[in-house]
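In the two assemblies presented below, chain A is common to both, partnered first by chain B and then by chain C.
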Partner chain A sequence: MNGLRIYALIYLVFLYAPIILLPIFAFNDGTVIAFPLQGVTTKWFSELMTVNALHDSVKNSLYVAVITAIFSTLLGICAARAQARYRFPAKKGIVGLIMLPLVLPEIIVAVSLLIVFLSLGFNIGLWTIILGHVLICTPFSIAILNSSFQNLDPSIEEAAQDLGETRFGTFLKITLPLVMPGIVSSLLIAFTISMDEFIIAFFLSGTEPTLPVYLWSQLRFPQRLPVVMALGTILVVLSILILILAEAMRRYGLRRSGMQDKGGFL
Partner chain B sequence: MLRNSDSARGLTLISPPLLYAVLMLAGPLGMILMFSFVPQSDGPNTLITLQNYTEALGDPLYRQLIIRSLLISAAATAITVLLAFPIAYFISFYVPPKRKSLWLFLITIPFWTSYLIRIFLWKVILGLNGLLNTGLLKLGLINEPLEFILYNPAAVVITLAHAFAPFAILPIFVALEKIDRSLLEASQDLGESKVRTFFRVTLPLAVPGVVASVLIVFIPTVGDYVTPRLVGGSEGTMIANMIQVQFLRLDNRPMGATLSVITMICVTIISLLFVLANRRNMKART
Partner chain C sequence: MTMITLDGVEKYYGDYRALRGINLTIGEGEFFSLLGPSGCGKTTLLRTIAGFEDVTTGAVTIDGKTMTNVPANKRPTNMVFQSYAIFPHLNVAENVAFGLRRRRDLNKKAKNTLVEDALDMVGLDGFGDRAAHALSGGQRQRVALARALILKPKVLLLDEPLSALDKKLREQMQSELRRLQRQVGITFILVTHDQEEALIMSDRIAVMFEGQIAQLANPQTLYRRPINRKVGEFIGVMNTLPAQVKIAVGARVSVDVAGLGPVMLTPDQCPSGAKTGETHVGIRPETMAILFDGETSDGNIANGMIHELAYYGDMTYYDVKLDGIERPVTISMKNLVGRPVLERGQRTRVRWDERSLVLFKE
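What follows is the complex of A and B.
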């Protein structure tokens, strides 16, 4: 028991090692990302403010991530609702195909989309990234929304319909509010995944880089690395905040439907 | 009647995500398959050809990259799952129910934070003036920085084991949570020791979770691009790097498509064999 606990703590250190290093180098007053440390500075953070290419890439990423989050959540609602409520032919196969991007190597998704867009003569750009991101975010949205829809007591909806609501009215007034925490949490997770996704964006970005694509181009220049560390620190803090919010929403949803918490997003 | 309308509603509802998956996934995957039979620019002047496949399988460079990717992935998967099992076991059996989701949350956080920077930082940790070398030097355990820990397959394996940790922990945790605790009590009441109970009851019942986590780590890691590129050096280059070069540098789509198809086929065959090998375990005991 104690041995296991110690192992678990060491494992957590292993998991968090890279993230803990980020702020250390972001505030380090040296141009080389290595030990020993040189003293404290905030100049890398102020340098962030002056890089226009960075600001553009952040805007591109936000644009892509917001649209991706909305569409993958909409598709996720359809799939999760159908899966929780209805029996239909080939259910396993259909759901399997939709969930496939979860395990498929991302490079395969990226090159297959690239080949299609190039063959059809489309210009690759932000919207082709969005198409790819919606594909890989939808399974995550479905996984999150599944538990929301499965926890829903069907007798509540039946009651609304018995009292004269239409199917659609019931969905809007009863179902949607009850699964809202799941929806918010799906939006947040899809947003986070899209903001962070590199491979698909790398293949499909054309001339408009997203933030990870911009970061990748910077990793080649050693003198740019301290600024990258500062940027990384900000990103880590922001994504942890978003995750805490998503987790809080998920738990709120569970509490409200009176279900026991069985853990994790996946 | 009711059932029919039920299945019609279900199908209507699932049709948008299904249509999307068909257009954006099944279609493009079919396209990749098609392109793998298209002749390269210097290839035969026919409509379709098998030459890409004979070239990809015959060229020792491609062959070596594919085999190496599979081996690196297999090693990373084994290490990831072995390291993950005790954690899943700890959370499921020893963490009080109220704190379980906190632990799971703590484990998933690093997974959601900037993938590129996380992998880049492993380069910092493993590098010549990195955390590991400086630490070991300070402790007096080594006299010169270790050079063999960065830019090789081992570095790729370590970094992948880190990146895919939550993927491995969660399925095992779910399987362990499903185990009826009274079975363990029964085993011990009947005179088995704790260790034997673990090996004869807990572990066999956890097999479905272990199989799931092996697949969920193995399949995506074979196609990982960033990790081998950043920490692998020339010894640790993997097939995804070659696929990227074919598509984006050489503009050789047929060869890129062929390598993608071969990789997918290898991964599928290995995964199916693995599931088949474990099927008896999964069925007989659950």
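What follows is the complex of A and C.
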């Protein structure tokens, strides 16, 4: 084994050790998060079912994440298509401004949004979180959808119009099915980002906490920690399933249209 | 009968003038080609007919109807794209049937019959279930043809349809396209940069340079009587020699050609309104001949030296430096039985015919 391999191994252990600890302590019969383990139990999972505040926060998070995913993907479709097909003045500047939230510190985005919403007289709540999340998710959606739209041969759309289809019909029958893998990826990525986003949600949530905000509030009570571990385990399993689904969809789309497999998540 | 009229068509992209005053009529059932180097505006012209580009000034009329403000999906034209633009998520039959989607008057069975007929016509019967990406280049081309022809357009537009195919397949498709055009009897407009392809396939050819039509003629006239040096050198191989028009009075045009000497030209060899002065004449390689040892000729003879040669198997191309001119002329000779291939530096005699000369407009 040479140095690089050892480095890679340590790197992987570092990356995944915390995630492996999650299910271990979720099934551990004891409130102290430390070895040695004290026996196997599923009581943290059943306790999970009884905490109403937790259920509410999960619902809030799902609500925010689903709506964020849809909006940022819709905006991403418009922006990616405009970028791939049209030439307009100050195109680079406009695109740059849209992509900027990708690199802006989230804390700055969160504070500025809070000030703007309050001075506009908005009631902060789930919809202000959604607005904030759409702001940070849209650049990701555009980045994903850009490659889909740029890979699309413009003459394919022209051919559909030439064969009697309207512009809208062409978009529906030709463009949309061909960029569908990109759309699915964008939905899933935006969903995931919104789901575990903390800072913006923390500043803009008001009285309706999302899951990460709720979890943070629970860290003050050590005896609640195993329940959080149990929830984390469920989330990890769900994330893996979603990722597998996204990748399967993407590969299916590629195979169906006979395109070369370039990139992807896995 | 006239199918397409272009009347003073101009197209600007910003300040760039892509089409300059195009006037053109194309007949019903004609195989018409737009020929020119890349960037000459031939594809732009095709796209203005298809409706993908609007004209800045001027008018396009198809089948007696003005096409101003008529979008591509409402025009009686269909197009075969350079990339074929096969819909990758649909199979062959679905691709071909795409244009029938809006035809409410046809039931499913009638549509299937039409699709089968169209596939049959392009030699793809039985390929309906094939996925689009499982097709070869030639097959994609055929699908694109079937997809366009199934709508029975008045005009079929072909944008460099053969440029992506290898030589053998291209030649096969050239004759097949010709056959198909005769069979369906509609107007075909072909865009190509391949002069040979245009000559083989077309009834008439418009040669375009820099957004203008330089010459519009049938293949034989275009090859034998190119209007100027640019057209002549674009179509096939053309030897261009400096010349001086001595007398130009009515039918009498007397020209002194460098390397060949004084000749009399008939009016059909000259551009209209030829004037005295410096110009060029053109002569094709196959209208001149190397005289091998012992051969005699009662035609005109010029002397020169073999400067370079290229042996093609069936033909040999000689670059011969004629006495008195610096630039060599190309002469093509068939490699007949017993005919030797000369070597560089050898002296030779060249036979030429003044009937094959063409005087260029300067």
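A few comments on the model shown:
Just so we're on the same page, the second predicted complex is superposed on the first by the 246 of 266 C-alpha atoms of A that agree within 3 Å, B and C clash if a C-alpha of one lies under 4 Å from a C-alpha of the other, contacts with A are read in each partner's own complex, and residues count from 1 in each chain.
Simple rule for what comes next: a residue touches a chain if its C-beta (ideal position, glycine included) is under 8 Å from a C-beta of that chain, and two chains touch if they have at least 3 such contacts.
Remember, it's a predicted structure, so these values are computed and weren't measured experimentally.
Once both complexes are superposed on chain A, the partners chain B and chain C fit side by side without clashing.
Touch criterion not met for A:58: it reaches neither chain B nor chain C. In the superposed model, A:76 makes contact with chain B only, not with chain C.
In the superposition on chain A, A:162 contacts chain C only, with no contact to chain B.
Touch criterion met: A:134 reaches chain B, while chain C stays clear of it. Once chain A of one complex is fitted onto chain A of the other, the partner contacts of A:12 are limited to chain B, with no touch recorded for chain C. Once chain A of one complex is fitted onto chain A of the other, the partner contacts of A:153 are limited to chain C, with no touch recorded for chain B.
Taking all C-alpha atoms of chain B against all those of chain C in the superposed arrangement, the shortest distance found is 5 Å. On chain A, the surface touched by chain B in one complex and the surface touched by chain C in the other have no residue in common.
By the touch criterion given at the top, residues 3, 6-11, 13-18, 20-22, 24-29, 31-32, 35, 83, 86-87, 89-91, 94, 100-101, 104-110, 112-118, 120-122, 124-125, 127-131, 134, 162, 165-166, 170, 173, 177, 215-216, 219-226, 230, 240, 243-244, 247-248, 253, 256-257, 260, 263-264, 267 of chain B touch chain A in their complex. Within the complex formed with chain A, the chain C residues making contact are 50, 52, 71-73, 77-79, 81-83, 85-89, 98-99, 101-102, 131-134, 147-148, 151.
Those residues of chain A that touch chain B in the complex are listed here as 1, 4-5, 7-8, 11-12, 14-19, 21-22, 25, 32-36, 74-76, 78-79, 81-83, 85-89, 91, 94-95, 97-98, 100-109, 111-116, 118-119, 131-132, 134-135, 138, 142, 192-193, 196-199, 203, 212, 215-216, 219, 228-229, 232, 235-236, 239-240, 243, 247, 251, 261-266. Chain A makes touch with chain C in their complex at residues 153, 155-156, 158-166, 173-174, 177-178, 256-259.
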